[in-house]
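Everything below concerns the one structure shown next.
Labels A, B, C and D are assigned to the chains in the order they are written; within every chain, residues are numbered from 1.
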Amino acid sequence: MTEPRPTLAQLTDFLRTEFPQTRCTLEELDGDGSVVVAHPVGEAELRPGGTVSGPVMMTLADVALYVAILAQIGIVPLAVTTHLSINFLRKPRADRRVVARCRLLKLGRALAVGEVYIYSEGEDVPVAHATGTYSIPRDR
Amino acid sequence: MTEPRPTLAQLTDFLRTEFPQTRCTLEELDGDGSVVVAHPVGEAELRPGGTVSGPVMMTLADVALYVAILAQIGIVPLAVTTHLSINFLRKPRADRRVVARCRLLKLGRALAVGEVYIYSEGEDVPVAHATGTYSIPRDR
Amino acid sequence: MTEPRPTLAQLTDFLRTEFPQTRCTLEELDGDGSVVVAHPVGEAELRPGGTVSGPVMMTLADVALYVAILAQIGIVPLAVTTHLSINFLRKPRADRRVVARCRLLKLGRALAVGEVYIYSEGEDVPVAHATGTYSIPRDR
Amino acid sequence: MTEPRPTLAQLTDFLRTEFPQTRCTLEELDGDGSVVVAHPVGEAELRPGGTVSGPVMMTLADVALYVAILAQIGIVPLAVTTHLSINFLRKPRADRRVVARCRLLKLGRALAVGEVYIYSEGEDVPVAHATGTYSIPRDR
């Protein structure tokens, strides 16, 4: 953990390389260790009835957790999700991005655990809440 | 629940309409109520290191649960996921489809709960295991 | 939801009746809807190595969720847990009570979802984090 | 993993030492690695309405997972739960023991993941389903 913490620009570059197909964008790296990641909402993300598809929010939660961990430990491409649990709370808006705020609950040597609140951009009440665990390579 | 159960062709049509962007395909509807859904694996599904991305498997689990419910209750477009929990167990193969087998643990009036095993096609040992809950509209 | 909200004393009485065997005590009902519930730690709660047993913390999380819901909707004895997910983060202290702070993420007509942080009393860093769902009777 | 696998009698002894307060009993160790653990149901386990309390089933799930792991890796007292997720499916019977059948989904060097079906004794349909993860000490 003696590596310098990566900047927002470095993490953004890494995200483009690691998940070239992702549409998630890193928006904020906060001093307390939390991160904000967003995903656009358009035709491809909507289901009939005008709701954002669950997989879009699961993807967003997973990427937010990953970035929050990398923001702390440095860019370690081999960290992998071992568990993710998500509660869908309310119907997101069809006309706004979905935005995830993630903070870590634990950063151990082998496992990191974080929680993620997902909002329709500009709203106060979460549309989903996730927790997830990543396994961190020992010999990083 | 007096509706006739949909056929594989009817569910496939519905899936294309409801999730037009999905690459999941319905492979089997079994007599015991379980269903098999597959997702191709190619460049878009892989992360560096040659592993299938977590969101692909979460998407597959979510679609498999949805189809397993519709296979029982008939095509009810307004069923929504309320919770999904997934454990990633092993690295999937980069050169095979991922295949989900889902069966329902409970089909109540308001909630359905199911479990999903995900495999690299042709392998015996699961690469992920998920459970999920869908809320079913009351006045279906 | 037109019932007056119960007081701490009323909820404490109810808890003793509903869970006569529980050792959980309701400590706070906060204005923002969060509640604090505690559980003593003694010989019966410890495992070899001096750690508080997982089931004690799961029990505490479940009771905290239940009380947080009743604090909002009034005393409805038939609410039942449908799902609980808990991450154990750190070893709790053997010489302090465990204390749970719960707040609701959603209070719908049919389902309530909440999250719970568990601490060793007096510490800042959580030892566990749980989320749970209760099903609420329709005709309350 | 070169240790001989423990017998049912050895695991029963260990359980009494590790969880002296537990009322869980180990019933079966099966050749395929699954285990069966039971918990009595009496006044102390029931809630008003005649349902078995959630914490009893969470405790049973946790113990079943622990025993299933020890049955494979030998008696390692320092394994700890890192995550447990449980779905409550149906009301258990008030007049029968609850019985858990657990099998491991993964047994890695650092993490073991298992799933647990809980039944009212003698019934075919599960009353709850859990998955859980244990962290295994490296230098066992």
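Here is the rule we go by: a contact is a pair of C-beta atoms (placed from the backbone, for glycine too) under 8 Å apart; a residue touches a chain by one contact, two chains touch by 3 or more.
Given the structure is predicted, the values throughout are model-derived calculations rather than measurements.
**Q** For the pairs A-C and B-C, output the one whose chains share more C-beta pairs in contact.
**A** A-C
**Q** Farthest chain from chain C, comparing Cα centres?
**A** B
**Q** Just give me the whole-number Å value for how far the CA centre of chain A lies from that of chain C.
**A** Distance between chain centres: 28 Å.
**Q** Rounded to the nearest whole Å, what is the centre-to-centre distance of chain A and chain B, using the mean of the C-alpha atoms as each centre?
**A** Here chain A and chain B have centroids separated by 23 Å.
**Q** I'd like the Å distance between the centres of chain B and chain C, where a centre is the mean of that chain's Cα atoms.
**A** Whole-Å distance between the two chain centres: 33.
**Q** Hunt down the residues of chain D that sit against at least two other chains at once, touch-wise.
**A** Residues 82-83, 85, 87, 133 of chain D each touch two or more of the other chains.
**Q** Which residues of chain B touch chain D in the complex?
**A** On the chain B side, the touching residues are 85, 87, 89-90, 105-106, 113, 115, 126, 129, 131, 133.
**Q** For chain D, which residues are in contact with chain A within the complex?
**A** Per the stated touch rule, the residues are 82-83, 85, 110-111, 133, 135.
**Q** Report the residues of chain C in contact with chain D in the complex, numbered from low to high.
**A** 17-19, 21, 44, 47-49, 51, 53-55, 58-59, 62, 77-78, 80-88
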